[in-house]
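Below, subunit A partners subunit B and then partners subunit C, in two separate complexes.
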Partner chain A sequence: MTPLAALGDRWTLIAIGIVAAIAGTPLGPALAGTMLGHVLVQIPLLVAAGWGIGRYLEPRIDSQLRRWNAGGIPGILLASFAVGFWMIPRWLDGALTDPIVNAAKVVSLVVLAGMPLAWSWPRLHPVARGVVKIELLAMLFRLGWLYVISPDRFCNSYLLTDQVWLGRGLIVVGIALGITWLVPLFWDGFATATDAGAAGTTTR
Partner chain B sequence: MAEQTAPPLPPSGRIGVVVYLAISALVFVLMMVLGVLMRLSQATWVELSPNLFYEVMTAHGAGMVGISGLAASGVIWYFLRRYVDLSVGILWANLAFFLFGVVLILGGIFVGNYAGGWTFLFPLPGTSAGVWGTGGAASYLFGLLSIGVGFLLLYLDFARAIMARYRSLAKALGWPQLFRNSSDEAPPPTVVAATMVLIVNIAGILAGAVVLVLILVNLYAPQFAVDPLLTKNLTYFFGHVFINATIYQALVAVYEILPKYVGRSWPVNRIFLAAWTATTLMVMAVYPHHLLMDFVMPTWALAIGQIVSYLAGLPVFAVTAWTTLTIVHRSGIKWDMTSGLLFVSIFGWSAGIVPAIIDGVIAVNHVMHNTMWVPGHFHMYLILGLVAMLFGFMYYLTDQGSRKGLD
Partner chain C sequence: MPWRSAAAAVLVLAVGGGALALGTDGWSVWTAEGARRQAVLTNPRPLPDYPLTDSRGNALNLAELETPLVVVDLIYTRCPTVCLAMGAQLRTLQTELAATGLSEKVGILSITFDPSDDRQALADYLERFHAIAPNWRAARFDNDEDLERILEQLGVVLIPEPRVGFVHNAAFYLVENGYVVEILEVEDRMGLLAAIRRRAAT
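What follows is the complex of A and B.
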């Protein structure tokens, strides 16, 4: 086994690569250059990277996890609060002006949001997953709407037009996610239904 | 019809349904008292101050809509549980969220003096001219949010259980039989109805969750001036879908009980499946018929509101009314309170739809808007249709039903 392979599978390597690129290359500041890039690209990428790393680590710390993460609820709450914290404009500004705050953002989104999400989502009851998805959609629409109509800037570092673009982006992401989650609920069974050719139909 | 394969209903589940209906019956009576009080006040037989009148009106509206939703969800839960493995815990959790919401709503109205109507139309919650405070309006809105969370849990559990058995919402709506002439057995009517209800109500609750929070933000930070027209559209989408879906939930009592009385099964054919699919879309598209006098609405939206008004009541209603008549005809049915109420409910539903369709015509609406025609239509629809279905089901749940060996 090569040292690189020992770090995990391909997705884990990609996840580590994403974190390294955002934390240590101009990609991070470039994404944070616009509010849209910061909130809708950089932050989700860090959470996704945390998910990738968490997936790799889960089998190795499974027994400890089960003890504190019953039903996945504590982990989902932790991830929600961690992401919610970085939605506060004051801290988005801080991440742009203070390298320590920016480092805290990278670490917390990977360790406190992405990793707990990977450990919790598969354990979550299907109804709880539905609640998380519906609340996420509602929050994207609410924040998007607020950003679009706000007469004031939330962040000192971004222009009002940046904010409006983020608002529109949040609404578009909400619609896209809604469609992405809805279509399989209908399509899966429809595509695999038996045609009436082989047997007589029972539906009059 | 598909076999009833879910595990037997535990006593806590039956008790849950009975508690839903007992609370509903009690609240129906209380709300009727409030309704009579308002009519007496309008007739100047009883003197209510204008502020108190509107508080009573708000409580009556919110109470009737909420309790209709609770009772109807109890009916559909009871029958859906025969086909899919629903969670009894979530049935009780919905009730807990509901009761918590009721406390907040009553506190908002009678302690906080909120009197802006159950529809909480923006900007009314935040512009009371000193009649009620921010706290009263916020309590009312949080109450609605709590009730919404409870119903969201219930309908997500419907979705989970239906997906576990049918693997997709398309199958549960009978689309393979409808569109692909599939040889698979069609889902029973209750499953089709529950799938329609969960789709429209989850969409409605999502809209409500967005608009309620935005109005709450506006209450405390008025500089966030939300668009009144968009807010009104979302409010009506949420509210109209929710109240409209109550009759489609209670209707399941007719589908499940009447066939037992006549010894015939309720036919699930392609017309039935097409009707429910069409209604799924129409229930979500019909609400603009309440916005016909909002002249800033886009013309296409008003045209949809008017056209869908003509059509919305028809598919499921026509199929159900026709099937009710045909399965009862020469069946030798023994008429009692249950069968009588369920049969009459279909007449009440039909009679209630007609004034709704008339009011959905723009030319008529121009005159009838903001008159007693509108409350007249939905009281007829709900009392003769929904309430008759609910009371028919209540009779069925009593010993009277089991003595006949219907279960």
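What follows is the complex of A and C.
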């Protein structure tokens, strides 16, 4: 097996490439140059990259260790805290002014958010998935609304107009995700949800 | 749920909650601006001995300002927005200080962070706000490196903006015997005056 093949499939390589590009090339600072690019592009990319790497590592995790995340709840909680922490304006700001904080951001979003997501989401009960989706939508709309209407800057490193643009972006993403998740429910959601195990409330 | 997952979930909740609590100084500080204001309250920050020159050509030293209390603001004279607001507040403040007999104890120092501000620009700035000499002075750092360092030490972030020049986290820095002891909101002149009175009384 060649070293490259040992690294896993194409997606894993792309994931590693994304982390390297954000951590080690001007792409990282360029994305963080605007609040929208930082929160809605760079951070999701890092989480997605963590997912890609986590997916590759999943079958190689010791089965004893895996029992600590049966059902996926601990992993989802970990990912939520890791992402939530970087939604605090103080630390988003800190990532721009302090390279150590930025390094902590990259590592934690990959290792503590993206990877646990890959290990947890597929095994998460559909009801729990619904809760996570609703909470994510709620966070997008709450933060988006706050950023659109706030007359104060939350980050010293970003302009107020930047903050408003992020707010609009969050709301747009919230609407898009909401539609993506809700619309299928009107067609074949009932059958699929029942197949997936969420019986009871969805079957009439 | 098996006991291992339950235990892991509880552990994650505890550690994650702890991290958020630490990261916000116990749910109280959510912004970098809040953090730097809180930091000087708990830990007054000594000002370094950087040389400055004021609009009249007098040499000053940041660590050894003449009055026990000094209100410092960081400005640039072309500023069309928040520096004007600060200047207007300081204009009122200096008359309030004079009315309460505090002028002897309290100085005002406006320091420019724009290297293109020369002595004339600073003099014009003071004149624009009817600054009373020698209580209110305007100065610039002799060395550009000192300026860079003080901005970093105080947590001042400048965003170059083509139309207005700079967007910056403006504030009043209350300096007591060479230490920054409070950082106050630019609208909060009453709070500033209260802090001055409290400290001048002791």
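The rule is simple: the second predicted complex is superposed on the first by the 182 of 204 C-alpha atoms of A that agree within 3 Å, B and C clash if a C-alpha of one lies under 4 Å from a C-alpha of the other, contacts with A are read in each partner's own complex, and residues count from 1 in each chain.
Convention: a contact is a pair of C-beta atoms (placed from the backbone, for glycine too) under 8 Å apart; a residue touches a chain by one contact, two chains touch by 3 or more.
Not measured: the values here are computed from a predicted model.
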Partner chain in contact with A:L78 - subunit B first, subunit C second, else both or neither: second
Which of subunit B and subunit C A:T25 touches, first, second, both or neither: neither
First, second, both or neither for A:W187, with subunit B first and subunit C second: first
Partner chain in contact with A:A138 - subunit B first, subunit C second, else both or neither: first
Touching partner for A:S157 - first (subunit B), second (subunit C), both, neither: second
Contact residues common to both interfaces of subunit A (with subunit B and with subunit C): none
Footprint of subunit B on subunit A - complex, ascending: 126-127, 130-131, 134-135, 137-138, 141-142, 145-146, 149-152, 185-190, 192-204
Subunit A partner contacts - residues on subunit C that touch it in the complex: 1-2, 4-5, 7-9, 11-13, 15-17, 19-20, 23-24, 29-35, 155, 157, 159, 161, 167, 169
Subunit B - residues contacting subunit A, complex: 87, 90, 152-153, 156-157, 159-160, 163, 166-172, 174-177, 179-186, 202, 205-206, 209-210, 213-214, 217, 223-227, 267-270, 273
Residues of subunit A defined as touching subunit C within the complex: 67-71, 73-74, 77-78, 80-82, 84-85, 88-91, 93-94, 97, 153-159
